[in-house]
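The following pair of complexes shares a single chain, chain A, combined with chain B in the former and chain C in the latter.
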Partner chain A sequence: MPMIVGHVRGHSHILPDLDEHSKSHWFGRLDSRAKIVGIFSFVVVCALLTKVELITASLVLAVAIAAASGAPVRSLAKAYAAAFPFMLLASVSVFLFAGIERGLEMLGRTSACVIALLALASGTGTFGLFAGLRRLRVPATISTLLMLTYRYILVVSEEFFRMRTARKARGFGGGRSLLDKYALNTISFTAGTVLVRATARADRVYEALRCRGFSGDITVWRTSSLGRSDLVFMAVLLLSSGLLAAIQTGWVQW
Partner chain B sequence: MVVLELKKLGYRYEDGTLALKDVDLTLEEGEKVAVLGPNGAGKSTLMHLLAGFRMPFEGDVSVGGVALEEKSADRIRAMIGFLFQDPDDQIFMPTVEEDVAFGPRNLKLDDVDSRVKRGMDSVGVSTLADRAPHRLSYGMKKRVAIAGLLAMDPALLLLDEPTSGLDPRSRSELVKLLKSMKRTMLIATHDLEAASEIVDRALVLNVCPVMKGTMRDLAQAGDVLRSAGLELPPLPMLFETIGQKGYEVDALPVTMDQATAELTRVIDREGRRRR
Partner chain C sequence: MHVPDGLMDPIVALVGTVEFLVVVAVALALSARKTGEKDLPRVAVLCAGIFVAQMLNFPIGGGTTGHLIGAALLAIMIGPTLAILGMTVVLIIQALMFGDGGVTALGLNGLNMAIIAPLVGWGVYNLVKPITKGLSRTGDSVAVGIAAWASVFVSAAACAAELAVSYAISDGAYGIAGAFAVPAMLGYHLVIGIGEAVITVGVIAYVSKVSPGALRRAAVTKSAKGWLSNITSSKVALASSAILLVFALALPLYFLYSSEGSDGLEQTMVDAEVEERDQILSAPFSYGESYFAALFAGLLGFLAVALVALGILKALGRGPAGN
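Now for the complex of A and B:
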């Protein structure tokens, strides 16, 4: 979920462009199941790392995955910036209880995880990502909820941008100071209207789905099987994650 | 065969406002009927009610012989193809082809491939099969939404303001498409000009039914339409003005063919009178 929110917050206006971009890039064309399995394994291993050298190596690998994804650096940076306050909060908490070294380790670990997940989210068509989860036997309730959440986040953000434009078009320029009572009033009315409109729109979207026989499961019609490049990509990530885990646990001596 | 039957249909919104009252309507197989009325007349409410989204209501509704009630709503929705006013509410899947296949797959209909092909062919979007629907023009999105309905092969098409928001060219293309389709249709619109081209007959609605008849009957009753908040389309309005100028007009035309015939008659009569 934070991944989706970060994804939308980072570049809500260019989401469709990213989806188009992901179709044209080799990383985007990889089977989403291979990417999900590979990157999630990497993330799980990253979360367990405690050695500084390994955390550094995982960060380098995460950046390499991000570079390979071909996602625009700017949008990745924006999405990372959106997630950064949460990572910082976690790191500061650890720093307060366990010292600066542990705090920095936490920041490194979470950064590696977030960068890898952002690369997955940005370098894969959003729908393909959820469809991949469904094909990996994630229960229909979860994958459909993710798809609907994504659709409704877009509905709410569309309404928000429309309202913001309408507000600006009528000369509103406030909102920069917390002491500006008029601006705060206007913003709260906007938020209320956005919610009401988005709810009405969401009802229509749901009714439209029901009209076409929707009963709680959304699957993709045209599916492909795993190809050689998908398997190679997955194997590289699984091997790298396995190596990191082996060194961390001491099974392999560095 | 009767596809849709409404008897004494009435509906109130949750706040008690009367939305529909005493609506009677029957649609035979293959018939195209328009529900005309100004904004707030209850057209969209009627459409949503027929798709089983507004309950409880007064009176009786049956689609394909099945009475509409809470239990049967899903069954009835499977018989209906509902085109929403805004295609962005309706289009969901990542490609045109996937979106057209969405309904047939959910309803577990047979031969999805040929249904999708037929649906896309009939509205002219076959070349866009792999395109992302959200990147298409508004008119094309409407076509994709219609293709999705046609692939379900519904007994009844409910079209809510199909021409709204379209540029003149897309509008005229959509009108031609709907005119050419041999389907049972109920079209809610305030676009009398488009309705004149597409439908056989119409019901003028302003919460209660105001008038029923062919589009030509309606054109003769300009005052009734105006009192119901509608304007005559340009063609009958032109011939009404011609009549007011002293030329004898038999009946106000609503289509171009009727207008050509009527104009020829007026010119002939005027020529004879002058000789």
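Now for the complex of A and C:
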């Protein structure tokens, strides 16, 4: 796996700082299993909340997690902005049918979930995250596919960006409508070339993997055990999620 | 079409997650028997290709753009079981690394885009292909186009239904009202589906011309004689079962919806404290509570009956092998 990580660094223009950053910060050094269990349980509870005070509290907690993760604010904001349109659409339609309060609740709830997940993604090395999933008993086929796919997304997208530049240099402007036959032809040829090159690469990838001893599963080389700080982090998140859930369901009176 | 966390009703999300996990487990078991270690890098690189192809925007008109989903494309290229796993992996990466989708919504997103979309795409392709066979090269393109359009439209319909059911059973705390969600999602994806169809046809035509080896469509081999092996080796029968599976997956949602809604008569009986006696025979389907629900149920029902009838006719007419 470190070998693959090394490869990814060579193609690191998409997520340049994050993997590096995650090694230097305390949040990044936490065991990925502790982070996955803690943040996933927080997100699950956040998705269940319907009371305004609790949604506000979860939003504050999510922002606090994001701040504590030390992930660069700009990259977090960029990722949040990319996920924002559908959340806004959902909130606006709820607002139209059920009133402004419900609309704001929806926006708060979805934001809390997205911010917590982005903090996890930005504050954890990508392959550490997938290795954590593997160690949490996610089937080998899925986790191996995750690692290989992510690694090749970086390679294939680099090729795609080059093709897009070349396309632009030849005067392609994106087309006007679905009736623009020329534009749709160009777009399908671009997608076709991406897939043809990807397939051509697949055999070479397999041979390279065989040379490294691949037999259908990528075993995690560097293992770690849950330390005190991992357990404290997980306990804090599990307790606060539990508390939010207990108040929401009425087991604990506010 | 990526649903974020916190939008859907928890019960709907739970139903979706259970269905998603069961189907992915079955796909894992089936693919483990058929594929070797050599296929993993191939599927992974193709998934990366699909992920990148999703970044391609196509113009719809009026300055708006849509983007490829690619589920039908992947299913036609590598078969339905591997396509389910591949799209699942793409969705997990989008949810975890890019905030597109979420943890609790992964089940529903997976159901719509990693299960329903490839199954419908592959199923419709294999059902329509024998009919359009007479048209030589264009026949295949027509089948690919219809399959790609259907995959987008049906998965958007599933997403709209989930939103509407969430809204109905949570009294507006979750989801989007059916009167808005169903026409908006279906109308938008009716057009997006056309773009998807045109691009998918173009891609398949391009790939089969430039690199025919890349289109290794799952070869079905007849291992033994007998009606069971005839059925399992018939693509038409398998495609019909794929479509039926999609409808089976939609049923729990429908029951969830119909169990919550009470019509005028029922409400009157409750008000008048009249108890309804147990029904001797209850129909599995009803026409829904509103105009859009009825329209939606009608459309899906028509599509289901048409496709299955087509499948049975083809299986009878062309012999059990179906190819």
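A few comments on the model shown:
Note that the second predicted complex is superposed on the first by the 185 of 254 C-alpha atoms of A that agree within 3 Å, B and C clash if a C-alpha of one lies under 4 Å from a C-alpha of the other, contacts with A are read in each partner's own complex, and residues count from 1 in each chain.
The rule we apply is simple: a contact is a pair of C-beta atoms (placed from the backbone, for glycine too) under 8 Å apart; a residue touches a chain by one contact, two chains touch by 3 or more.
These numbers come from a predicted model, not from an experiment.
Greater residue coverage of chain A by touch, when chain B is weighed against chain C, goes to C.
By the touch criterion defined above, A:C211 lies against chain B but remains apart from chain C after alignment on the C-alpha atoms of chain A. Contacts of A:R201 after superposition on the shared chain: both chain B and chain C are touched. Within the superposed three-chain model, A:L238 lies out of touch with both chain B and chain C [touch as defined at top]. When both complexes are overlaid on chain A, the residue A:A47 reaches chain C alone and has no touch with chain B.
When both complexes are overlaid on chain A, the residue A:V63 reaches neither chain B nor chain C. With both structures placed on the common chain, the touch criterion links A:L104 to neither chain B nor chain C. Once the two complexes are overlaid on the shared chain, A:I247 sits clear of chain B and of chain C alike. Annotation: chain A residues 201, 205, 209, 214-215 touch chain B in one complex and chain C in the other. Residue ranges on chain A touching chain C, taken from their complex, read 15, 40, 43-44, 46-50, 79-80, 82-83, 86-87, 90, 93-94, 96-98, 102, 105-106, 109-110, 112-114, 117-118, 120-121, 126, 129, 139, 141-142, 144-146, 148-150, 152-153, 155-157, 160, 174-180, 183-185, 187-203, 205-206, 209, 214-216. Looking at the complex, you find that chain A touches chain B at residues 16, 19-20, 125, 127-128, 151, 201, 204-205, 207-215, 218-222.
Contact residues of chain C toward chain A in the complex are 2-7, 10, 13, 24, 28, 31-32, 36-38, 40-53, 55-62, 65, 68, 73, 77, 85-86, 88-90, 92-93, 95-100, 102-105, 167, 172-174, 176-177, 179-181, 184, 191, 194-195, 198-203, 205-207, 210-211, 213-214.
In the complex of the two chains, the chain B residues touching chain A come out as 48, 51, 53, 74, 77-78, 80-82, 84, 86, 89-90, 92-94, 97-98, 101-103, 105-107, 112, 132, 134-135, 148, 152.
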